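Shared between the two complexes below is chain A, which pairs with chain B and chain C, respectively.
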Partner chain A sequence: MIPDEFRLTESGRETLFNLLSKGALGCLLLYALFPIYWMILSSFRTRAEITAAEPSVLPFTLDEAADAIQDPSVLLTLLEYENYLTMWDRFPVFDYFVNSLIIASVTTVFALAVGCLGGYAFSRYRFPGKIGVGGALLGTQMIPGILILLPMFLLFVWIQETLAIPLIDTYHGIIFVYTTFTVPVAIWMLRGFFDSIPNAIEEAARVDGCSRFQALVRVVLPMAAPGIAATGMFVFLTAFNEVLFASVLARGDVTPFAIGIQSFETQTTAYWGEMMAASTVATAPILILFILFQKPIVEGLTEGSVKQ
Partner chain B sequence: MTRTSSRVRSSVAEIEIGRYLPLYNRLSDEQQYAYKLLLPGLLMMLLIHFIPIVWGVLISVLGVDSGYVSQWYEAPFVWAENYRFVLDPRTVVGERFWYSLRQTVIFSVGTLLLTYVLGLTAALLLNQRFKGRFAARTLLLLPWVAPSVVTLLIWRMMLQQQSGIINSLLLSLGVISEPIYWLIGDNTIWTLVLVHSWTQFPLVMIMLYAGLQSIPEQLYEAASIDGAGRWEQFRYITFPQLKPVSAVVVLLMMLWTMINFTSPYILLGAQPPQSGQVSILYIYNFAFSNYQFGRGAAMSVVLFAIAMAMAMLYYKYLFDQDFTEGDR
Partner chain C sequence: MSRVTIDELTKVYDSPSGSIEAVDDLTLAIDDGEFVVFVGPSGCGKSTTLRCIAGLETVTDGTIEFGSEDVTDQKPKERDIAMVFQNYALYPHMTARKNMAFGLKMSTDLSEDEIEDRVEETAQMMGIEELLADKPKALSGGQQQRVALGRAIVRDPSVFLMDEPLSNLDAKLRAQMRTELQQLQHDLDVTTVYVTHDQTEAMTMGDRIVVLNDGELQQVGTPLECYHRPANRFVAGFLGSPPMNFLPVEADRDAGELSHPRFSLSLSDSVVADLDGTELVMGLRPEHGSLTTTPDAHPEPDRLVEATVTVTEPMGDVTNVYLDVGGESVTVTAGGHLGLTDGESVWLYVPEAKLHLFDAETGTAIKHSDEPIESTRVSEASRHAETV
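And now, the complex of A and B:
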C-alpha cells in the first residue's frame, strides 16, 4: 500500500514524464555524439594510449584536470598533437584533400548549374512528360551503383583505347560521373526552393524588360540563394563521400580523401591516431558549415517527403 | 557545287526536325522553353544512367571475362548462361550470391526497423517544447551530416576486438565477459546494421519530425478534452497522422540500404567476412577480382530487379490501402 503522500499527483506524473524524456534525450545525444567525440579525442592521443587495454573515456585524469584549472597553460602540454604533424609526411593526405576538394567543388558547380535550370523548369512550367521525367529523376535513386559501374568501366576502357581520350584516373572522368549522379537530387531539391518564390517576382522583371532567361538569372536565382547553398552542400557531401565509383575510376594521382584515408590501415599496422587527425581536419569544416547554414538544408531535405 | 550541298544540308535539317521531332514542334513556346532548360540534365541522365543500364543488360548476356575487358564487343553471346550460373545454388558463386541476397535482406530490414525506432523516438522527444530544442536537433543531425567515410572508420576503430572502446566499455560494465569479434565471423551483418543505423537515423528523425510538426494542434486539444492520455493520443492521433511520411521513410530506407555500398565497404575493410558481404559488395569483389564482368552484370541486374519489384509491390500495397481507407 503506497501512502497517499507518495502517490504521484497529476503534476508529479508530469514531472516524472519530463525527467524520463530528458533522460532519453540525453541517452540519444550521447549515442549520436560519442563517436565524434571519440574521433577528436583519439586524434590527440599517442599510439600507446590508443591501443591501451583500458582506454580512458575522459581526455584527462582528474589530477590533470585539477592542475589545468589552476594553470590553464598546462592544457597545452597535455595535448598530444603529434598526429597532426606526422600524418602529412607519413601519408599523402594533402594530395587527398586537394583531390577531394577539386572533384567535389567542380561537381557542385556543374550540378548546381544544370540543377537550377532543370529545377526551375519543373517548378514553373507545365509540359507534357513532366510526370515521366520526374519519375525518372526519382528512379535514378533506386539504381544499384554497381549496375552502372561495370558497363561504365568497360565503356571508359574502350573509349580510352579506341579514341585515346583518358577517362579512368582523371579529374574530368570522375567529375562527369558525379555530376550526373547528383543532378537528379539537385533538380528535385531546387524545385522545392523555387516553388517557394512567388511567380509575381518574375512577372515584374519581365514587365521591366528582362528576357525569360535574364529574369531567372538576375532575379530568381539571387532570391533562391539559401536553397542553392543548401543543395550545393548536399551535392558536395555526396561527392566527398562517394567510394564505389572512386575506388575504380579515381585511383593514382587523383585519389580522393574517401579512398586514400583507408590506406592508413595497412595489413600489419593501423595508424588510428593519424587517421583520426586527418578525419577531424576533414569533418570540422563540414560540421561548422552545417551548424551555420542548417535551416535551408533541413528544409530542403524534408520538403519533398512531407509535402508529397 | 557548294550551292547544292548547302541546299541538301538544309533539307536534311528540315527532314530531321520534321521527322524525328514532330512532337517538339507541336509544343507551345513555353513548353519548348521548359525542355530547353531541362536538356542538359536529361542528356546527362541519358548518357550515364540510361545507356549504361541498357549496356549492363547487354553485357549480362555476353561472356565478358578477363580476356575481353578491352574488347567486350568480341565476347561470345551466351544467352542466359550467366544468369543460370550465378543463380545456381550448386556452384560456389551461386551459393554465395544467394547468401549475399539473404544478408542484404537482413541489412535493409534490420536497418529500417532500428532507424525507425530511433528516429521516431528522437522526433517525438524533439517535438516537445523545451529550452535548447533547436540545439538538440542540430546535434542529433550530426551523425548524418559528418562524412560517412569518416564516421564509418571511427566505428571501425571503436569496434576493434582488442583495443576498441566498445568492448572495453562493455567489459567494464560487466555486460560481456569476453571481448566480442565485431568485424569478423558470422555476426558481422548485425554490426553492419548497428553502425549503418547510426549514420541514417537522423534522416528518419528529421523526416518524421517534419511530419509531427504538420499535425494540426486542434486534434490534440479535442483529444485531451475527451480525456485521452498521452498513450492514447500517440496511438490514435500521432501514429496514424504520420502514416504518409512513414510510408516514404520505409520505402527510402529499404531501397537505399539495399543498394548502399559505402557502409559495408568502409566498415569491413580490405577483407570483408562472408557474413558482411551484402550483394552489392559481393558483386563488386567478384567482378573486379576476377574480371568476370558478364556474370557480375547478371548479378547486378538481378539486384536491380529485386529493388524495383519491391518498390512496385510497396506502391501497390500503399495504393490499395489508400483505396480501402477512402471507401470507409
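And now, the complex of A and C:
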C-alpha cells in the first residue's frame, strides 16, 4: 500500500500522464527527424568532418557558437556550402532529379486516372465478381516486389524481342511498372473517398441534366479533391522513392534520383558531403509540395474513413 | 407542367437473399398542376416510386408517362424534372448561386446572363439573395433547404419531385416551410409529387394523398376522404394522431348488435344490412368518443362502454385520455380539462354515426363515419383537417 501522502491527486496524475506522453512523442519525433537533421548537417560539412572518428552532433563548436552570438555574420563563414556547388559537376544530379520528376508525375497522372474510374466503379456499382476483383487487387499488394522483379524483367525482354517495343531503360517502361503497382492502392483509397460522398448529390446532378460521367467529373471528383490529392501524393512518393525496380529497369538516360544518388559512392571514394547536399536539394521540392497541399491531404486522410 | 400517368408500375430489387418487391403494380394518374403526397411507413415503396418517376431507378414492369410521352426508359436528364432531396444534396464545392445555376447550365441553351437573371429572380422569390455568394457549409439547415428548393424552382420543370424535403428541419421551421411550400406550389402551378412519412404533412399539404404500404397502393383520395372514409384498416390507423382506436368485435346480425366481452352496442338496421361476416374490428377516432362519469344521466345509456382511466395527457386545448377497456387501450381526445384521475371509472360514449367497421381478416372497410368530406378545392379542407 502506498501511504496517502505519496498518492497523486487527480490533477497530479493528469500532469504526470501529460509529461510521459509528451516525452514519448518527443523521442519518436527525434527518431524520425534525426536522419534528416544529419543529412542537412553533413551536406554542410567537409569530408574530413564527416569521416572524423567522432563527428560532432552539433553544427558548431561552443567557441564558434559564442562568436556567432557576438556577430551573426560569422555564421556564413562557418557554413561549408562547397558541396552544393561541386555536386552538379561531379554527376548529372539535375538529370536524375528531372527523370524522377517525370517518372513520378506521369505515374501519378495514370494511377489517378485509372484509380478514380476504378474506385468510383467499386464504390457505386454492383457487378459480378466485385468482391473477387477487389480482393485480387488488394492481394497484389501482399506480394513482395522482389518476387516480381525477375519475371517482370523477363517479360520486358520478351516484349522487346518479339514486339520490338523497347521497355527496359525507358520512361514508359518504368512508368508502366509503377502504375501497375500503385493503381490497386489508388483504387482502394479513392473508393473510400467516393463512399463518403452521398449518392443523393450525384443524383441531384443527374436530375440537373448531367450524364453519369458528367456527374462524376463535375460533382463527384471536385468533392473528392482532398482524397485525390492524398492519393496522388502517396503515388508520387511511392514512385519517387522506389529503388528496387528502378535499379534494374531504369538505368542509363532515365536513371532516377534514387538510383543516381548511389553514383556518389564510387569504387575509390564516397562523396558523402555532395551526396547529402544532393539529397537535401531533392527533398526540398517534395517538402514544399507537401506543405502546400498539407491541408487537403490531412483532410483527405481523415475524411475517407469518416461517414458523413 | 404535365400530367403524370403511372401504369402498373412494379419495381423488384434483386438481392443475394432473394428479390424484394418494393412497388407492386401501382396505377395512378396525377393531374396537371396537382400536388400529390405519397405517404406511408418506411419501406412502403413511396421513395422508390418517386425515384422511378425521376428516372433514378429502372422500372421492372409498367410504364410512366409525362403528358402523352412515355418516359419509362428515359434518363433523368431527359425528363424535365426537378427534385428536392431529404438531405438537400447541394453541391458543397459550389456557391448557392452556382448550385442554382448548375441545372440551367447543364440542361438548357440559356446564355450566362439569362441564367444569372433567372437565378436572381428565383433567389428573390425565396428570400435568399443575401446567401447567393455563400457555400452550403456556411448556411444553416433552413437556408440550405431554401437553396435546394430554389435550385429546383429555377429550373421551371414540368414536374417537381420532393423526397421528404422537410424532415431534417426542426419542428417550428418545418411547420413554416409546410405552409410556404403549399403557397409556392399553388403559385407555380407545377405538378408536384411529394413523399413523406409524416401524416401531418400528408394531411395538410396535398390536393390528394396516396397511401402506400408494403409496396401496394392502399388508397388515393383527398386528405379528408382518406381520413374519414379510409379504404381499409391500415389507412385508418396510419392517418390521425393519436391514431384510431381498434377493438375486435363480433357481429350478431339477428340481435342487430356488436358484441365484445365487455360490452355490446346495438346497430341500426341499415348498418346491419351491410354487414358481411361476423369477425369485425370496430374503429373509433379519439376525437369522436366522449366521456361521462354519470351514465344514468346520459341520453343513450345503451351506447356507453365502461372503462378505467389509465393516463391523462392535458395538452391545453384538449386532453388525451387513455382508457382501459377489458385489457385493451382506447384513447379519447376530450376538450379542455376534465379533472379525471388515474384509475377512475368512466363511461365512453360510442356514437354509431362515427363508428368505423372493418373486416377482421382482410381489413377492408365495411362502414365509415358520417363526417362530411368536401370535394371542393382541398386547400380549405386541409386547413380544416389541421385543426382536427
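By our rule, the second predicted complex is superposed on the first by the 264 of 308 C-alpha atoms of A that agree within 3 Å, B and C clash if a C-alpha of one lies under 4 Å from a C-alpha of the other, contacts with A are read in each partner's own complex, and residues count from 1 in each chain.
Please note the rule applied: a residue touches a chain if its C-beta (ideal position, glycine included) is under 8 Å from a C-beta of that chain, and two chains touch if they have at least 3 such contacts.
Keep in mind that what you see is a predicted model, and the values were worked out from it rather than measured.
Partners chain B and chain C, once the complexes are superposed on chain A, both fit on it without clashing.
Using the contact criterion defined above for the overlaid structures, shared-chain residue A:A32 touches chain B, although it does not reach chain C. Contacts of A:E203 after superposition: chain C is touched, whereas chain B is not reached. In the superposition on chain A, contact of A:M223 is made with chain C only, not with chain B.
By the document's definition of touching, neither partner reaches A:L16: not chain B, not chain C. In the superposed model, A:N241 lies in contact with chain B only, and not with chain C. After overlaying the two complexes on the shared chain, residue contacts for A:P128 are found with chain B alone; chain C is out of touch.
Distance between chain B and chain C in the overlay is 9 Å (nearest C-alpha pair, rounded to whole angstrom).
Shared interface residues of chain A (contacting chain B in one complex, chain C in the other): none. Touching chain B in their complex are the following residues of chain A: 17, 21-22, 24-25, 28-29, 31-33, 35-36, 38-39, 42, 50-55, 57, 113-115, 117-118, 120-122, 124-128, 133, 136-137, 140-155, 157-158, 161, 176-177, 179-181, 183-184, 187, 212, 237, 240-244, 247-248, 257-258, 261-262, 265, 267, 270, 272, 275-276, 279, 282-283, 286-287, 290-291, 294, 298, 301-302, 305-306, 308. Across the complex, chain A is touched by residues 23, 27, 30-31, 33-35, 37-38, 40-42, 44-45, 47-49, 52-53, 55-56, 58-59, 64, 69-70, 72, 118, 121-122, 125-126, 128, 130, 136, 138-143, 145-151, 153-158, 160, 162-163, 165, 168-169, 172, 198, 202-203, 206-207, 209-211, 214, 230, 244-245, 248-249, 252, 255-256, 258-259, 261-262, 265-266, 269-270, 280, 283-284, 287-288, 293, 296-297, 300-301, 303-304, 307-308, 311 of chain B. Listed in rising order, the residues of chain C touching chain A in the complex are 54-56, 75-77, 81-83, 85-87, 89-93, 102-103, 105-108, 151, 155, 161. The touching residues of chain A, when paired with chain C in their complex, are 198, 200-201, 203-211, 214, 218-219, 222-223, 225.
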